[in-house]
Structures are given as C-alpha cells and as structure tokens.
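A, B, C and D are the chain letters, set down in written order, and residue numbers restart from 1 in every chain.
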Amino acid sequence: MTTRLVLEGLSKRFTGRGAVHTEALKKLDLEVRDGELLVLVGPSGCGKSTVLRLIAGLEEPSEGRVLLDGEDLVRVPPQARDVAMVFQGYALYPHLTAAENMAFPLEMRGVSKVEREQRVREAAAIVGLGDKLERLPSELSGGERQRVAMGRAIVRRPKLFLFDEPLSNLDAKLRAELRVELVQLVRRLGATALYVTHDQGEAMTMADRIAVMRGGELMQLDTPRTIYERPANAFVAGFVGTPSMNMVSVADSPRVAGLTLGVRRGATCGFRPESVRFVKDGADTANPTEGVRLEGRVVLVEPQGAETFVHVDGEGFVVRARVEGFGGPELGSRVVARVGAAELHWFDESGRRVEPLA
Amino acid sequence: MDRLVTVALALVALVWVGPYLWMVATSFKSLDELVRAPAWPIPSRFRLDAYREVFSALPVWRYTLNSIVMATLIGVLQAALALPAGYALAKLEFTGKRVAFVLVMACLIIPPQVTFVPVFTMLGPLGLVNTMTALVVPFAVSAFGTFLVRQAMLSVPNELIEAARLDGAGELTIIYRVLAPLVRPTLAAMFLFSFVYHYSDYFWPLMMTTDDHIRTLPVAVALLREQGTGVRWHIVMAGNVVLTMPVLVLFIVAQRRILRAVTARALS
Amino acid sequence: MSRERGPSRRVFALGLGALFASACDRPARPAGEVAFWFSYGGNNRKVLLELVSRFHREQSAVRVVPTFQGDYFEGLVKLRTGLFVGAVPTITHVVGEVVPYLARAGVLERLEGVGDAVLSDLEPALAQFGTFEGAEDEPLVALPFNRSTPIAFFNRTIFRELGLSPPTTWDELRAVASRASLVGEEARWGFECPVDWWFWTALVGQAGGRLVEDGRITLGGEPGARALELWQAMVHDDRTMRSPPGRDFNAWEASNGDFLAGRAAMIWTSTAFVRYLEENASFPVGAAPLPGDVRRAVPTGGTFFVMPKGLPAPEREAGLAFLRWMMQPQQASEWARRTGYMPVSQAGRRELEATGFFREHPNFKVAVDQLSVAQRWPWAPELFRVQREAVQPRLEAAVSERLDVRKVLAEARLVAEAG
Amino acid sequence: MSLRPTRTFHPYAMLAPTLAVLALFCLVPLGVAFHKSFFAWDLLTEPEPVGFGNYRALLASGELGELIVRTLAYSVVVVSASLTLGLALAVALNREGRFYAFVRSAVFSAYVVSWVAVALLWLWLLDPQAGLIARVSKGLGLTPVDWLGNPRVVLFTLAGVTVWKITGYAMVIFLAGLQDVPRSVLEAAALDGAGPWQRFRYIVWPLLRPTATFVATTSLILSFQAFDIVRVMTQGGPVRSSTIFVYAIYEQVFVNMRVGRASALTVVFFVLLLGLTGLQWWLWRKSADSRVAT
C-alpha cells in the first residue's frame, strides 16, 4: 500500500476581532511521497502548524484541497481520517495508563480487546516502553511520555503520521537522542510522515525533504542538502545553518570600511561561516576583485570543541567564521579573512537566488 | 495572650459542638427526665425508646431512601449536564456563545425561593407533585456547577481534545471519558456540595410532597414536632440525630472536598 | 491494574433511567384503599392508629392508609396543594372555619351516602347543620369527628389551698386570677390563655356579640372590643394573665406546659386536652365551663371529616365505609373517652353516661354539658380568611402592645371586607 | 482559542438540556410570576384580574414596607455578625495543629447540617422552660429572655441561630483568602517591628478586603433566602415579628391561598435580589479597583 498526500492550493484565513482576516496559509501546494519523512520548518507563525491541523481535520481550509491517496479529506471529520498526530505537549490522557492511552484509538475504532492488547504490546516494543505500560503519564519522564505519544500514533497503523514539534518540550540532549530514534522508527515502519518543527537543525538531520515556510508561503521544498547548498532565496539561506549565513547588502558594503566585495552579481551576497578563511597578514595573494575580503578585529571567540566560531568586526559589519578545533585567531587580534567567489550566494532585490553563470 | 486565645477557641468549640452533644444526650433521655431535670446533660441510662418511637412512627428508611435517591439523582444529573454545557462554553466556538453564557450566569442569581410559586403552579396541573421528577428536575441543572465545570475545562489544553478527536473519539466520548476524569475534582466537589444541600433541603420537598412514599427525611423530621400537647423533645432530637448523623459522617469523611466546593465559588 | 473511569455515558443513561423509573413510581391507589390524612399528634395519633387497626381487623374490604400531615393548618395547606394538583386523599379532616370556604369552592364531595343511621345519631351541636348558621340550605359535606369547645382547667390543689372556686363571670375571673397569682421567686400566673381567635370568639359571644351580623362582618362590634380589653386589663393592669408565646398551637402548648408545671393556676384551652392534662399533671386537674359576661357562650372547634370531590366511585364508597364505621357509637365514644374530644354520636354519649364514665371523669362531663351554650359559626366562605388574615394576626399585637382595640378591629374589618 | 465543533449543531445540542432546564425553572417562572401578580387566584377557583390590586394591597397594609425592613434588619445582623466572627475565627485558627483543625471543623460543620436540624435543635435549646439556655441562665441568676416569644427579640434570635449556622462559611472563605497572604511578607513586617494588630491592619486586611466583600454579599443574598428556620422555629410570629420575605411569600400562597399576592411579592423579591446582586458587582469591582490602586 502506498500513501500519497497532496495539498492543492490550500489557504486558511482566520477571522479575528472586528472581522480582520489573518492569512495563515496562502495557496499552498505540497506533495508528500510514499514512505517519505517531510519536515515543515519555519519561524513561528509561518503557517506550518496550520498545515498539519488542516490535514488532520482540526481546522477547515478556506480554499484548496487535501488529497490523501486521491480522496479529498476536506469534508471528512478528523475521527474518520486515517491520520495520526503526535502533539507538542504529547496530549496524553492523564487518567489513563500508558497502555490505556495507546489502546484508546483502537477502542474508539471498535478493535477487540484481545487485538488491542496485542497491538499495544507490539507498539510498546517498537517505541521501547516495555515495562512502563501500567504507569500513568504523570509517573513517566518527558522522554517516556513522548514514546507513549508515539506509540499511540503507530498503534493505529495510520496512512499518515503528523508530528507537531514533538520534541520541543524536551531538553537538548534528549531531543538529540530521540530524533535519531524517531527517524529510525519512521524508516523502519516505512511510514509516510509530515513533521513540523521550528528547529532547522532538527529538520536537516531528520528530513528526507524539507519544506521551508514563511508567512504562510512555501519558500523552498527540497532535500536538506540542496536547501543548504543552494538556498532558493535569502530567507532560506538565512534560516538554515548555524551560525546562520553572513549576509551583506551590496548597497551597504561601501560604508563598511574593512569589507571589500569583488564581482557583484546581485543585491545581496551571502556566505556561510565555514567558507570564511583567515589568511596571514601579507600573505593575501588572491585577486581582490574575486570573492570577499574582510579586515577587522576578533571581537568574540566561541569554542565548541570540534569547531570554533570567530566573530570579526570589520568596522560596521560583523562576520561569523568557523574554524576547525581550537585553532584560529585570538580575541582582540587584527585579522584578514577571505571567501572564495565560488562560495558566495547571490540574491536579487526580491531575495531570489541568482544562479552563477554557467 | 496565647493562652487566652486558646481558652476562647475552646469556648468557641463548645458553642458549636455543645448543641450536637445536647441533641444526642436528649435523644437518650426519657420524657420524665426531660420534665424533671432538663438541664442535667447525661441521661440516667441510655434508652433507645425515642429512636424506637421515631422508627415506628415514621417510615424512616423510606424517607432516607427518598432523600438519598433525590440528592444522588440531582448530583449526578447536575454533573452529567454541566459537562457538555461547560465543554461547549469553554472550548467550542459557535454563534450565540456569549448569550448562552450570560443566560447561565443570570440564573446564578435567581434562587428557587424566587421561582417556587410559579414553578409550583406550573408543575401542579401536570400531575408532577409527589413525584421524584418534581423533586429532581428543577435542580437537574446547576448554573453554578455549569460555571465551575466551564472554568475547569478552560485549563484543559485544546491539544488533548484534538488528540482524542484524531483517535476517533466522538464528542460525547470526549466529554464523558476524556474530560470528565480531568475535571473530576471539580465534579466531585460539585456533587458533594449538591448532595449535602439537597439531602438536607426542606423548602422544596415541603411544597412538592404530600405523600409518604415520596416524603423526604427533613420534612418528616420537622413533622415529629407534633404540636397540640407537649412536644416530646427526646423524640424530636432522636429524629434530628437520624437526620444529622449521615451528613456529619459524610462531612468528616469528605471534609476537604466539601471545603473545596465551598471555597471554589469565592476563588473563581 | 485497572483504574476507575469517570462518569460515562452508561452512568448517565442509568441516572436518567432511574429518574424516570422513580417518576413513574407514584402508585395508583389500589381498589379498596382509603388514603387518610390526619393531623393528630401524640396520644391522639396513637388512639387513631389503634382505631384504624381495629377497623382493619373487623373487615378486609377497605384498607385505610393514614398519613400524618402536620398540625391542622399544615394539613390544610397539604389538602389545598393536593386539590390544586389533583393528588388528594380519600379522606382528611379540616377545621370548621374552612368548611364553608371549601364547600363554596366546590371541591368537597357530598357525604349523605354515609347513611341516615349515622346522620340521625350525630350530636346536633357538633354536626355540620348544628355548627353553622344557614348550613341547613347547604349540601352535607362535613362529618364531625374530633370536635371540641374551649374549657377552663384549674389546679385543684392551688384552688383548694386558696379556697377558690372556678369563676362564672368576667369579674370573678379577674378576681380569681388575681388571688391565684404569685410574684417573686415562685412566680405563678393566675390565668393563662392563648391570645387566639378561638378564645376571643368565646369572649365575643359571652359579651353578647356575633362575628357576622345580617351578612356583614362586624367582628362582634363593641363586644369584640370588650373581649380584647378584658385580656389587656388582665395582662397589663392586673398582671395576672400570661399570654403564651408562639403561633397557632405553639401557644397552646406553652399554656399546657405552664399549667402542668404549676406556673399557671388556671388556663383556657381545648376540651381535647383533658386526657393529656389529667395524665401528665402532678396535681388533681379540675375542669370548669368558661365564665359568662352578658351570657354564657362558647364556640365549637376541632375538625370535620371531608372528602374531595371527583374521586372514583369505588374509592368514594370505601371512604364512606370508613367514615360510617368511625361515626358508630362505639368508635365515637372510644375516641372521646381516650382523648377528650366530644362524643359526636348521641348513642355514644348515652353509652358513656350509662357506663358511669362521666361519674368517674367529671371533667369530661363539664365539657359535654357546656355544649348547651355552644354558638354556631356563620356559614360564610370568608370566615376562614377572616380568621387567618384579618383577626388572628392582629390579636397578639393588640394585647401584648396594648393597642387601641377599636382601631385594631376596624382595621381587621377592613381587611376582612376587602376579601 | 476555541475549537471548531465537529458538527455545527454540537454546541447547541450540548447546551440544550442545561438551557432548557434553566429557562423552564428560572426564566419562564419569572414571567409567570409577573403575569400572575395581576390576578387574584386561590388555586381552587378561576383567577380574576385585579390590575395592580395585589401591589396596592401590599403597600396599603404596610405589609410590604415592614417586610422589607424586617428582612433587611435580619440580614444586616446576620451578615455583620457572621462576617466579624468568621474573620476573627479565621485569623485565630489559621495555623497547624489538631486542636485548631478540630475547632475549624466544629464551626464549619454547622454549615453542612440541614437548616431543619439546626432549627429544631435551637428550638429545643431555647425552649423557655426546659431549654438548656433558659436553665443555664436561671442557674446563673439571670433573668431568662423569652427568645422566641418576645416580638422585639425573636428576629435577633433567628439571626443568632443563622449566624451559628453560617459563620463556618465565612470562616473557611477567609481561611482560603488568608492562604493568599504571603508568609514572607508577614515575616518581613514582623522583622520591621509590626505587632500582630498592625500586621493584621496594614497587611492582612487590605489583602482580605475583596474576600470580605465577597463573603458579605453572598451571605447577604443567602440570608435573604432564609425560610426553613422561620418556618420551623416561629412560623413568622409572634405578631409577624419574624415574618421575612420568603416566608411571607410561602404564607401568601400556601396559608392564605393568595397566589396573586404571592406573585407580586415574588416580583418585588426578585427586584430586591437584583439590586443586591448589582450592589455585589459594584462593591466587588470597587474593591478590585482599590486593590489595584493601592
């Protein structure tokens, strides 16, 4: 059985006080392929959660269609959609044990008690919750609750999984662990899933494909690698990657004393911190008309262990650079840094990517 | 100073507990003792005559059962009906929500003491007087209970309801199986308060009952004070003990919840 | 480990089911069952219930289910509630004053069916026709049972010690009360009487007045005022009379209590209490007719049996059968003997005389003899309202606060006429 | 944010039983009472229209005015006494320990016990001859007071019994209010040299004022609804001196069989309650404002 979710021209307007409409979603087209883990990422208010809620049937779209295997779901109540959702707050029933929580959707669908127990046991094994089944949510740790929520979703064997920031309530370490498990789990189940997060790092590590959203619109939909290496616009470029891409506006660059821009091919020039290379003073031999040259003072050094982030102030413009290990210039020292022309991303006035000439 | 406060408080306790003790003591006395030495607190011996008389003069069990059935039905109905109403008012969006809420709140200020005359004249011709329906239905909805449940529901995260909807639960299932357990402290407090109130209620059953099969305990105990000759206080007090003890026991057992019900109103 | 679930749909359904089940549990009255509402407490209740059991032993066709409904006035409230909602008893008893009202409202069944044998044997002064002026033109709707008159009881010990005899005139009443009063440590009232409509009516009669004259509510006119003034004088000037506190029967109870405790040397109350007072007093109790002023007069009191209109014929018949039995000389005299109410059956009264009961219990004889001066009530539908709304609520204040009695009565007349 | 109902009719269906019962037993009766107040009706015969006759009769006889004054007097005594006593007890009992818990429970238990039981109990305690109180005061050489027989005293006796019954209510609400007074603030004040009275006056009381307003207004409305105690203890007497509102309505309809007059009283009673509720709102908002302001 294959699953295919297609969103066609999906729009959602909310009516607020005084009949003021907020457009949460503007004519979104999106396709989730069978067995794919597609991550929707974007800053808060970008409409990514709205997409999930429209698919789940928790909201009704203003326009557009939600097609699951060709069937339009818009008129189908959430109860009747073969879609499971894992919520940010887990939404576990506090008065039911882990097992009862997981059995609940089956009970609602009239699955027999024997089969329920069987399927709950399987699901518990999959999410690794074996001996905690008789506990109440309040007796479980955050990670365990998360597993119960997962279990409750998979026990139904739905066509489609929806994840609404399921890890954001956990601490950083657990989040990193669980996201790996989650990816493995989804892969193992061969599930088709739509995953919403505001954390681009999570998106990068987990996704088969990423959809970056902003202001109710889709900015780019592609593999993590393409998104990172060839961001379709300045927003995606700035949103993906930590620390984020350095962006220089061509119009501003003459006012930045320490910065020299070579050939200009757009309105904005971006380069990732790892593209910045420090050169010994005087050993700067490259053609000054190519790439970017920056002269400035090191104002901040952030050692991370495997890498160090160095902030260089070029008198009016701070550039973030990444160096391996603990190397790199010292705090307060004057440095010269360069970025090769091939490593520059150019964007036009509207922020759209300008492809390098072939 | 502290000692003075303690003595004062002990006196306070006496003022409140003393009457109960006096009631119990009286119920064990004989009429003769009441006439001869009414101020002596301790009965010469523990006679159960007064209780025997109460139980033979009145179908006490029937009355008690009536009171319990009535109070339980009212409590259960109030909880059962407050849940969907509270849910709709707290969680759902629909046209007329404000109007509905204002209606509920308006009834909060209209006690049965205001409406009993017309309600009596309405129920009368329907042949409902002397039925459990007449005792229960006017109280099947508690405006205040509905308000309390709504307040409790407001603090339930929407996600939980959405999760239940996705899990395939219908709205009734959500209300009675998912939300009811969540607001159980509120429901329990509401039920207890309503039970105690209606079990003890005199006003309504007095007007709505004329038959033994439906008469409730407080009405019957008030009738024990048979006028005309001398009131036989040991019998009245025995009836009073029968009327009071279940409530006092319930109070001792469930004091916390009852307190919560009483203070909920002040704090909400 | 299983955990409790919250109230589910099942509980909800169950609750509703139980509600409607119990709503329907109002039992239809089975054939031959007589629902009998009564207002007697204490000893009278015991006697009544014993009579009912005897009735059950003697026959099996009719079953009487007695229900206590509180005192007369509460019982009346219940009756009217029942009449309004159509949940009436087969038989109940009501105070005499309300009979014309209920008859006029057309809610009472005719009771001739009880039989001529019973009707011709009734004590005329206590039966409907003898109790109400003008009732002769009305259908028979009320049968007497626990009827009484006001009577004076005195503490024989005190009277003997002081060499007093029961007063026969108002002046004597004041003199005796004054002699019997004690102030100080062992305070004692010479006279005590509930400031109540019934005793006031007695005084009005004695002063020569009538409540209704030529169809107009006069409340006795000048005699009515003089009646109140007598009380005022005894309470405030002589300080020999206690007006006991409490409404309706609370006051009666209080005066009984004071009498039994020796705090009152003489009281006026109902003949109905003769048995109770004799049995509970630690001193010999004497009974005396009320004194007279321009004449001797007492009202009658107590209640009549009535039957609501519109009952199914079998129930009506069953009710009549019970009434017929209760009116028989044997029951009537037993009731009288054991309570102090008047024997309503002439045969029953003769039987009491013949068996020497009156010799052994001279106090009863006083009560019965006093019937010769019993006055009739006007057959006036408004009589009950005159009593409950116009007069009764004003008497107490008039006496205790020594209001201008003419003004009070004028006001009462206004209220009574407004209807 | 509210959820979208799965079906449009759902919220209406969920509210239907509640609104139906409330309308039937709360709103419609008000209309019926208003309508009936223009009739003379004894339940047994046909109602007759009398226009404003019922209102006029109530006013002309002075009954209405007396009734309002009596009810207010009773309420004022009940509210002020139970409030003061409740507050004092709450402050004195706001501490750990079995003894305090016991006194708290004892005082509050009276609030739970039925009015009938309390009325009967006190009727016995206050019995002028055999009652405990009469006996004790006689033993102490005091002149016995005719608690229920003296028209000047009886209303206050009833108010006293009511205070006994409901002081526990005021106490627990104040105790709950005291929980909101931060201990640290009191400790700081104690360190600053504030004595117990000053701590109460300047810290506790200002924080408790909204609670006090709440208790006062709810007990005022509660005391307006008093019936059982009157009916069981005095039946409104002697000389109507304890006839307060609800009992008067009851008496009109069930004793005097004047449904119209009872309805007129009902309408007036409702207007009074509405006024009281308005007062409650006004005081509540005022105390909330003053709390913000100070």
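Here is the rule we go by: a residue touches a chain if its C-beta (ideal position, glycine included) is under 8 Å from a C-beta of that chain, and two chains touch if they have at least 3 such contacts.
Quick caveat, the model's predicted, so the values are computed rather than measured.
Enquirer: So, comparing each chain's Cα centre against the centre of all protein Cα atoms, which one is closest?
Expert: B
Enquirer: Compute the centre of every chain as the mean of its C-alpha atoms, then state which one is farthest from the centre of chain B.
Expert: It is A whose centre lies farthest from that of chain B.
Enquirer: Skim through the chains and flag the pair connected by the most C-beta pairs in contact.
Expert: B-D
Enquirer: Between chain B and chain C, what is the separation of their C-alpha centroids in Å?
Expert: 36
Enquirer: Just curious, how far off is chain D from chain A if you go by their C-alpha centres, in Å?
Expert: 61
Enquirer: Distance-wise, how many Å sit between the C-alpha centres of chain B and chain D, to the nearest whole number?
Expert: Centre separation, chain B to chain D: 17 Å.
Enquirer: How many angstrom between the C-alpha centroids of chain C and chain A?
Expert: 92
Enquirer: Quick one: which residues in chain D touch 2 or more of the other chains?
Expert: Each of 3-4, 6, 43, 129, 254 in chain D touches at least two other chains.
Enquirer: Could you list the positions in chain C whose residues touch two or more of the other chains?
Expert: 5-6, 81, 84, 248, 250, 257
Enquirer: Can you list every residue of chain B that touches 2 or more other chains, as numbers and ranges?
Expert: In chain B, the residues touching two or more other chains are 121, 124, 137, 162, 165, 170, 173, 181, 184, 207.
Enquirer: Flag every residue of chain A that touches chain B in the complex, lowest number first.
Expert: Touch list, chain A to chain B: 53, 56-58, 77-79, 81, 83-85, 87-89, 91-95, 104-105, 108-109, 152, 156.
Enquirer: Chain D touches which residues of chain B in the complex?
Expert: Residues of chain B touching chain D: 5-6, 8-10, 12-13, 15-17, 19-20, 22-23, 26, 34-35, 38-39, 81-82, 84-85, 87-89, 91-94, 96-97, 100, 103-104, 106-107, 109-122, 124, 137-138, 140-141, 143, 146, 158, 161-162, 165, 170-171, 175, 196, 199-203, 206-207, 218-219, 221-222, 225, 233, 236-237, 239-240, 243-244, 247-248, 251-252, 255, 258-259, 262-263, 265-267.
Enquirer: Flag every residue of chain D that touches chain B in the complex, lowest number first.
Expert: Going through chain D, the ones touching chain B are 1-6, 8, 10-15, 17-19, 21-23, 25-30, 32-33, 36, 43, 89, 92-93, 99-100, 102-103, 105-117, 120-125, 127, 129-132, 135-136, 139, 164, 169, 172-173, 176-177, 211, 214-215, 218, 221, 225, 227-228, 231-232, 246, 249-250, 253-254, 259, 262-263, 266, 269-270, 273-274, 277.
Enquirer: Hey, which residues of chain D end up touching chain A in the complex?
Expert: Those residues of chain D that touch chain A are 3-4, 6-7.
Enquirer: Tell me, which parts of chain B touch chain C in their complex?
Expert: Against chain C, the touching part of chain B is residues 57, 69, 73, 76-77, 79-80, 83, 121, 123-125, 127-133, 136-137, 172-173, 176-177, 180-181, 184, 187, 207, 210-214, 223, 226-232.
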